[in-house]
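Two complexes are shown next, each including chain A; its partner changes from chain B in the first to chain C in the second.
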Partner chain A sequence: MSTPGPDSPSLPEPGFTPRAPAVSLPQPAQPPANGGALLRLAAAGLAVLVLAGTSLLIGVSDVPWDALLAPAEHPRAVQVLIISRVPRTLSLMLAGMSLAVAGLIMQMLARNRFVEPFTAGTAESASLGLLAVTLLAPGLPILARTAVAAGFAMAGTALFLLILRRIPLRSALVVPVVGLVLGAIFDAATTFFAYRFSLLQSLMAWTTGDFSSVLRGRYELLWGAFVLTVVAYVVADRFTVAGLGEAFTTNLGLSHPRIVALGLSIVAMVTAVVVATVGMIPFIGLVVPNVVSLIVGDNARRSIPWVAVLGAGFVLLCDIVGRVVRQPYEIPVGTVAGVVGSLAFLHLLLRRNGRVG
Partner chain B sequence: MSASALQWEAPGRRLLLLGGLALFCVVVFMTVDAGGRWDFVLPFRARKVATVLLVGYAIAVSTVLFQTVVENRVLTPAIMGFDTLYLLLQTSLLFFLGSRTLASLDARLLFTVEVAIMAVFSAALHRWLFEGGRRSVHLLLLTGVVLGVLFRSLSSFLQRLIAPGEFDFLQDRFFASFNNPDPDLLLVSAVLTVGASVLGFPLLRACDVLSLGRDVAINLGVDHRRTVSRLLAVVAVLVSVSTALVGPVTFFGLLVANLAHGLVRSHRHVHVLPAAVFLAVIGLLGGQLVLERVFSFGANLRVIIEFLGGIMFISLLMRGALR
Partner chain C sequence: MSPPPRRLPPLLAALVGVAVIALAVFGWRASRAPAEAPVPRGAAPAAPAPGAGRTVAHAQGSTVVTEHPAQVVVFDLAALDTLDALGVDVQGVAGEYFPGQLAKYGDAKRYPRFGTLFEPDYEALHAARPDLVITGGRSSARYAKLAALVPTIDQTTDDAHFLDTVVGNTQRLATVFGKEEQARALVEAMHRSIARLKGTTAHRGKGLIVLTSGGRMSAYGPGSRFGVLHDAFGIPPAAPGLKASLHGEAIGSEFILETNPDWLFVIDRDAAIGEGGGAQRLLDNEMVHQTAAWKQGQVVYLEPANTYLIGGGIQSVRRLMEQLSDVYARPRQPVAP
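Right after this comes the complex of A and B.
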């Protein structure tokens, strides 16, 4: 891809503003000038860094804030930071970033605003895959387990897209319903086998997004999700084009099935990595891209950095809330995100009641 | 629909067949592999059968009535988040009162209060969701599904704040199964179910009119608002009963109600309701029999129902049932 980045001032505005077809949330009338956008992105990034700093400092063991500035004076605090806090904060940001971007890609590929790994059965099929590995080949290394989970996630998502094609008179709002029900079906299958083999409790531990067990050496796989997010940024323009439809994509000389396969692979791998390392975090991929699309529109190259930054911020915030509400215990981030995310989603749905459906 | 004798006969015969099949399931369930210890086996199994009858009745009737009220065959109380609301209510009660207080209260009284709160909640929810009038079915459906997620997340949020010992207490309540129903709860449920049915029975004819659509029903002289809120109260009681007895079963009602409509080929609730109840009993008892005797699986019926019901739901959507 030779397209210059969004921040180069000489880049002309694209001649079209892509939208998802059935549901049109309002677009900004005039996309802001690139310089101003960059400034705002930097400000958002700074806010996320402040959140990350906060996330480093809270917890059971006391870490004074000046330990960050003068590490030599607080050896114990530094140890806590290196072994537990920094990995945790990093993994929160990585998971948030990659899940939010995965949601954005899915929304473009399914051409629907309400799709994300959690509302398309991707996360549930990934955990079905994890269960299958645990039962059939318990000795496999974590990387291989994740690969199998990714395979399941891809198959589940492909099934979702296949079903969508066959639903007549498709309304934008039916799409997530199908995804959620498909997820429930996978979930039923998973529960069935987990119950048979007394794995229900471990299943619950996997499926709720929880960062309390993240330590140095246990989260590094998430960097893989980060790499995938970077790949998504590099090929972003293709997703923008694919979001305009199959015919349009073919007209531009691109292979629609190939873009879809690429996008699906990225989404499935990201989801599998996140589910395998920290569990499911619902609704991030839904809420964040929708908010971003209100701010900067639907050009993937311009919106991916925003989605990544805000995704990281959202997860950090949910985790901080979960840790503060009931110190010294904590509530898993998946649960907090479930409450916050579903409320935000309902707001999104009911506020534009007149336009949707 | 004219009341000519011929048209009357076909649904009647089908009903008789379904009823016979349901009865057959009951008899087989009561007697198979008894091994001669009748004095032990019969009362023990009778309690199971009573639970199944109650739950089947509650799920079938509540789903059919709900579908009539919202004029749609794809929506069910469970898909709209009703039974997760019940779980949330249970969790919040435990959270705010503590297990010791809950255990010291009379289970029957407690259950009645819970059902009452449920009825009020669901009435409010419904006024909010359905009184808007022109809201699209899709929006309703999605809102309901997301409300379900919200209620479930809130429950698990509260569960995390509850001490582990207390949580065990709650889990016992969530995963009550057909196998060891609490006799007290069974009795209260039966009383509440009968009460709800008595309240609902005079509305059966109005239901037939309601299924013609809101405007037609009003034109034909049905007090739409009053009828609907009374029906929704009945639905709320029945949903609470079934959820309290066996926990949430999202898609079973959908399965049964749609099969019933398809099998009796009649739009009259006098036909559809009993057919749905018979089908529910056949599904639950027959399923339990097959699971226990053929696969020796025990209490996994709910998961299987969830699996099959989900598939049916998607195939309904694929056939364009949701307009």
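Right after this comes the complex of A and C.
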């Protein structure tokens, strides 16, 4: 695990004794320094709400802002809001939230800052699963498709963690490299079959993160990702502990494999749901948790709300940019996130320079 | 000091094993392909004597082609479509997927394969030495490399002058193969149909062309690869601001709602390449339901393989026109359920 952030007082002391069975770490330590942090979180939440409001008002159809206040006078605008804008905004926030939290969990499980579903083969194996469904059982309903993708994602991620365990001396940079290599292998397999069946372009279309087809009735699966995010928050302390290592976890009387399996399932299902409904949004799971770690440190209980809020904000912002730049046409959010995310990531890398990992 | 030899971890060993098998299989396939591929020829290949050919100007320059080439390999479905209409027999083709009326070329025994549209099998071509290779569209990027090997002409259509190039391409092939008579008839018939179609489209409302692929949509306007609907067939564009670009402009359903076309022309790319296709499911939504096109039952799914894959063949243009004539002749339907 990397160095804790500047104000992270709540990592457990080595002599910490747990109250079995649940571990609850930080509560008593927090109140003194925390009023400010809560305020900052509220401010960030407010900023995301402003972005959400902007997202409601931006689009091809004209939706004046006072349609929100006096719906009766703008029947058409309200219709557009209900059918298109609200679902889109909600799905952006849900996807952003859950992907960012999934990134955080992966970083804790792999004990490495540079891991996220898109650098550890999770997303690639999910999309291999989607391709397999498309080729073998094209008529399957979306829920079953997602389930298959989640299965593939879980297997791919498990393989990643398995390989990590076999690497004796792992430096901080080897971990993401292993993930990228594994992801590239899955990607190669996917590309190969897509090529053989002339599906390359379709593959591109469905893996590029894009919310342009989100409408009422077409995004609701993302609420499942939200539920998983809530579950992640409920069991957050376990991930914090798991992030401190297997020996430490076992010392506390917790089953490390079980925590890993739980985290893995959450990450795989979230990734599969997002990839199946809107496609891949790179970097969010990487950049957001790292930024949050700089702000509030590495305690999952404290950082998950931050990660969720900033994740939602990041995706909202990218999609708003993608919708505005070429109005009335769109630039897929995956493309915008790739550009913005890579810049942010470079910035983080240079900032952390020398203390990688 | 050398470390003791270690056994490969089982996982790695399995991966290596799979890789070796895969390489062996595809290596075998690749090495087998050219043996099947060469065009059967009676005489030994001989370069055409100087003066024995004619110079043919085409989309990427000009090429000296023998009089009445006997061995022809085609890397373009549109050219194949036109040759089929002219009654010219070809000896080799490229690609795997031959839709609809080109299905007969799917018989690999009768028509040996020379790679794909994007990746010609240069070895096989070198061995077969055909008299003429025809590229176009998807294979036009390989023109230079092919032309260095065998006489090649490029039949790429120009989206901005689509119909002119379709006619030009047809006449070029007719000249090469001595089928001027047939070409004249085909082109005249096409112009007659266009005149008829134009008479019916101009006053029946505006149209929007949308291509769907993998659950996403993009819109195409005049001058684009499907712009012939506006440019030549006289359908007024519902979104005149659409610039011509190869992959269209990414849009959402809100764009269709705001554009409110009277006709929605849909090209289902996934269906075109024979992989299910979900255009109907994608467009059957609350936003599109509010458009004039949906309410009047004027959402038209263009025959996908014909439109998307074949495009600029003279028969394919005729079939597109026939489909449009049919839907424009249909009485206007009341609101769809």
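The rule we apply is simple: the second predicted complex is superposed on the first by the 323 of 357 C-alpha atoms of A that agree within 3 Å, B and C clash if a C-alpha of one lies under 4 Å from a C-alpha of the other, contacts with A are read in each partner's own complex, and residues count from 1 in each chain.
Quick note on the criterion: contacts are C-beta pairs under 8 Å (C-beta built on N, C-alpha and C of every residue); 3 or more make two chains touch, one makes a residue touch a chain.
This one's a predicted model, so the numbers in the text were calculated from it and none came from an experiment.
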{"item": "Touched partner set for A:Ser212, first chain B, second chain C, both or neither", "value": "second"}
{"item": "Partner chain in contact with A:Val177 - chain B first, chain C second, else both or neither", "value": "first"}
{"item": "Partner chain in contact with A:Ile167 - chain B first, chain C second, else both or neither", "value": "first"}
{"item": "Contacts of A:Val339 with chain B and chain C, given as first, second, both or neither", "value": "first"}
{"item": "Contacts of A:Ala189 with chain B and chain C, given as first, second, both or neither", "value": "first"}
{"item": "A:Pro282 touches, of chain B and chain C: first, second, both or neither?", "value": "first"}
{"item": "Which superposed partner A:Ile331 touches (first chain B, second chain C, both, neither)", "value": "both"}
{"item": "Chain B versus chain C as contact partner of A:Leu349, first or second or both or neither", "value": "first"}
{"item": "Residues of chain A that lie at the interface with chain B and also at the interface with chain C", "value": "163, 166, 208, 326, 329, 331-332"}
{"item": "Chain A to chain C touching residues, read off their complex", "value": "59-61, 79-80, 83-84, 134, 138-139, 162-163, 166, 197-199, 201-206, 208, 210, 212-218, 326, 328-332"}
{"item": "Complex contacts: residues of chain C adjacent to chain A", "value": "9, 11, 96-97, 213-217, 219, 249-255, 257-258, 269-270, 273-276, 282, 285-287, 290"}
{"item": "For the chain B and chain A complex, residues of the former touching the latter", "value": "132, 135-136, 138-139, 141-143, 145-147, 149-150, 152-154, 156-157, 160-161, 250-251, 297, 300, 303-304, 306-307, 310-311, 313-314, 317-320, 322-323"}
{"item": "Chain B contact footprint on chain A (complex, rising order)", "value": "114, 163, 166-169, 171-174, 176-178, 180-182, 184-185, 187-189, 191-192, 195-196, 208, 282, 325-326, 329, 331-332, 335-336, 338-339, 342-343, 345-346, 349-350, 353, 356-357"}
